[in-house]
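Same chain, two partners: subunit A is paired with subunit B first, then with subunit C.
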Partner chain A sequence: MTGISALKINDLHKSFGQHEVIKGVSMEANKGDVIAILGASGSGKSTFLRCINLLETPNSGDVFLAGEKIEMKQNRHGETVPANIRQVERMRARLAMVFQGFNLWSHMTVMENVLEGPVHVQKTPRAEAREKAEALLAKVGLSDRADYYPAHLSGGQQQRVAIARALAMDPDVMLFDEPTSALDPELVGEVLSVMRDLAEEGRTMLVVTHEMSFARDVSSKTVFLHKGEVCEEGPPAKLFSNPETEQFRAFLSRMN
Partner chain B sequence: MDLILEYRSQLVAGTIMTIQLALVSLVIALVFGLLGAWAKLSESRLAQRAAGAYTTIVRGVPDLVLILLVFFGGQVTINAIGQATGLWDYVEISKFVAGASTIGVIFGAYFTETFRGAIMAIPRGQIEAGISCGMPRQLIFRHIIWPQMVRYALPGFTNNWLVQLKTTALVSVIGLQDLVYNAFTAGRSTGQLFTFMAAAFVIYLVLTGISDLALRALDRRFSRGVVRS
Partner chain C sequence: MENILSYIPLDISLIAENFDRFLYGVWTTLNLTVLALVFGGLLAIPMAIARASRHRVLSPLVWGYTYVLRGTPLLVQTYLIYYGLGQFEAVRQSWLWDPILSSAWWCALIAFTLNTSAYTAELLRGAIVDTPKGEVEAAIATGHSYGLRMRRIILPSAFRRAIPAYSNEVIFMLHGSVVASTITLQDILGVGRWLNGRYYLAYEGFITAAFLYFLIVFAITRVFRWIERRYLRHLTRRETTTATEMTPEPTR
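Here is the complex of A and B:
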């Protein structure tokens, strides 16, 4: 199946000091793809995700969003930095991120959290943004919590608000960084079910996760990272029933 | 009591001087404090070192020494420079400028630490959330950092401000006619030092009391979304 490229990452490298965490990872997501990224802790999966929207600056490699390349350059210390911060900001607005720790703005209500990006970054008229925000909160099942502050919500509710906040930007691609890892087990389901709905709608998603069932049942492609490299990748049905590498087999048996 | 009424214009003038000094030096201290905090948290080594030297020196020397040093030493230095370069003749630093700027610079060092701590108290993830939805830096500062920084800084701010208000009393040593200076002068000339010091005591308490009320209102305003135990 060939589709329209939504996001393409080419030979990405990232080191922290002497330690190379990402050793040349490439990945491509077509529109509507859900890519599950698996790996043991320390495999570099979160760092990889954070390099895509430049929360971490990769040492080398290219990121293309809908064919547009994020331009990088070398500064006078020889470090790789964004060539044009405006371009990066524009790209980030199209690459919404959902974090492990929710990261809602604690001094804003749920509604204000969802409105912030559309109103202040995308300059959407407030009334229009509000209407959309109400629909999104309904979608994640939190219409009745619009005027609450994050501190008054459970972890699962906060993560659903974070998803609504990400959706409010109308992103081309959504990046999920272990969205259920900080949740109590009984709250994981409500967040996963919202993510399943998004996948069914045809949202393009990159999901770093430890939820094997989500990867197996929802993803269109699963990628297993090991020590900063793609170790195994393919359709989940094939990967999970017939793992080819020793590393992935060992990982699966640890997870089950 | 009659005595105080007789000297009320001196007491009022002194109080106004004290308030002016406190407010002007507060503005200077806030500017230095924000710059200092920014420098300490910046990635530039040079800025970090400069701010480090500033807070170490200022916090390590008695306020009185610095005030006298700036007022007398500053005067001599400026005139020595003027004479050597021929750019200006004799310049006299006003007592108010010397007093307010010295106190401002001193308390800027304390505010540097207050603001630095307040910025660091904001969870890093909230800033990353701003970055990752494409917010430019100044928007992140105005909408995410500033409102939360104010809340985290308020307890330290209140402390600094009250100490600063009281520290303005030190300027009476350079002859600036603040509340202490005028009360002391009136007390000595009437032989009723106790009465006038008691008056100063009450006036300072009223000023700090008003500050306390105002700051509590600010605290309520900036504590949105905070769960109180």
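Here is the complex of A and C:
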């Protein structure tokens, strides 16, 4: 079980006002791990994922990316804030995220979407970035859509572009926030198959999902969150065949 | 031709005689309007960013500025600058007086610029605030700094969304520029007024002026239609242009 730690989260807490959504969640992903995060809506799984790249600021807890800790500090109102926003930006560039709502930049073509991060954040020479972007679009099966605007694509196509955009950053870890939940049922498969390929390539992925088959067949570890806490975790084969807690059993029977 | 013209209750020859004056009026109007739009637009961008931010000093400051300038008539603003500032000895003694504040043209340009900057700032602020939250989050998650995402994502998207509303602002500014004629400038309306004052013929001057404004507005709307087609492509349905892209008809 010893591998190179890609991402480590220690005792993360997050509240919105009085309501504590994440009550001390820890998680570690080694290089090449695919962790599926399951949970009912309101279990805090999306919030947890968004705390990792600080789209939400956790109230406490540490995030380490390849051993490097994201430094936080208290501001004068006693809120936890990033100590150094440049460090956070640097870390975010290594933690690509794929959103439920795709969130492609609507005024840019598919190609421009994929080039944006490498060219403007990572300062990769345009020609080099373009070559890579073309390869990535081919990989997600959208070479012929490079000049399209997002609004002219189907949801499944948009999400595949979003995955290519994330891959273009050469991220250490990819965060997927319910990537298939906004898709029509017949479009889910094309996105899942791209994600399956990524898992096989050895990408490190954290996937918040409702796709039980993906968790069961693809993930190296499944975590079930319940009311902001890790309720059950382990290899999917064990978890799915032999759920230990009442909550996970109930969740599984509701999903099937 | 002579016969037809005699039925029109206008002294066409008078208009023709003074046509070069009207052309010069067009030049003055366009000159003032375009310069005011350019400078006002440039001022509006940082103001809109400040207004859209939650900065505790800048945002209310810009709010106050736009509130005052949008809350008072352009004519009054122009008078305050042209007639008002000259009342102060200090202004007349300053370096600003001689080339700038003593000139009606400069006073009009300053008033128009400030006025359009306020309207444009509010319009842009709305567009900035309306940027889809998810697109901003995607930029944050990609590692864009505040400045980079403003420059690469938020402003390009906001500018595009502001185009249709901005075309109205351009037309309003053109129409508002008639104020120049009240402080001695010979813009389009100024020439009309001059003709009326000189010959006591109201229709000749004012109809010609109206017609010229109409022509300019027509040109502006055409230009904006072209700009919208070019820059709002991403919001419209894709046109199926080539035969290969079209879904083939089912064959029997």
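Basically, the second predicted complex is superposed on the first by the 256 of 256 C-alpha atoms of A that agree within 3 Å, B and C clash if a C-alpha of one lies under 4 Å from a C-alpha of the other, contacts with A are read in each partner's own complex, and residues count from 1 in each chain.
Convention: a contact is a pair of C-beta atoms (placed from the backbone, for glycine too) under 8 Å apart; a residue touches a chain by one contact, two chains touch by 3 or more.
In this text, all values refer to a predicted model and were calculated from it rather than measured experimentally.
**Student:** Put the two structures on top of each other at subunit A: do subunit B and subunit C fit, or clash?
**Tutor:** Once subunit A is superposed (C-alpha atoms), there is a clash between subunit B and subunit C.
**Student:** Kindly classify A:169 by the partners it touches after superposition: subunit B alone (first), subunit C alone (second), both, or neither?
**Tutor:** Once the two structures are laid over each other on A, A:169 reaches both partners.
**Student:** Going by the contact rule set out at the top, does A:16 touch subunit B (first), subunit C (second), both, or neither?
**Tutor:** neither
**Student:** Name the contact category of A:120: first (subunit B only), second (subunit C only), both, or neither.
**Tutor:** In the superposition, A:120 touches subunit B and subunit C alike.
**Student:** Overlap the subunit B and subunit C contact sets on subunit A and report the shared residues.
**Tutor:** 53, 55, 85, 89-93, 95-97, 99, 101-108, 116-117, 120-121, 149-152, 162, 165, 169
**Student:** Using the touch definition up top, name the residues of subunit B that touch subunit A in the complex.
**Tutor:** Interface residues on subunit B, with respect to subunit A: 123, 125-126, 128-136, 139, 143-144, 147-148, 151, 222, 224-227.
**Student:** So in the complex, the part of subunit C that touches subunit A is made up of which residues?
**Tutor:** Residues 132, 134-135, 137-145, 148, 152-153, 156-157, 160, 233-235, 237-238.
**Student:** Name, in rising order, each residue of subunit A that touches subunit C in their complex.
**Tutor:** 53, 55, 85-86, 89-93, 95-97, 99, 101-108, 116-117, 120-122, 148-152, 162, 165, 169
**Student:** In their shared complex, at which residues does subunit A touch subunit B?
**Tutor:** Of all residues in subunit A, those touching subunit B are 53, 55, 85, 89-97, 99, 101-109, 116-117, 120-121, 149-152, 162, 165-166, 169, 175.
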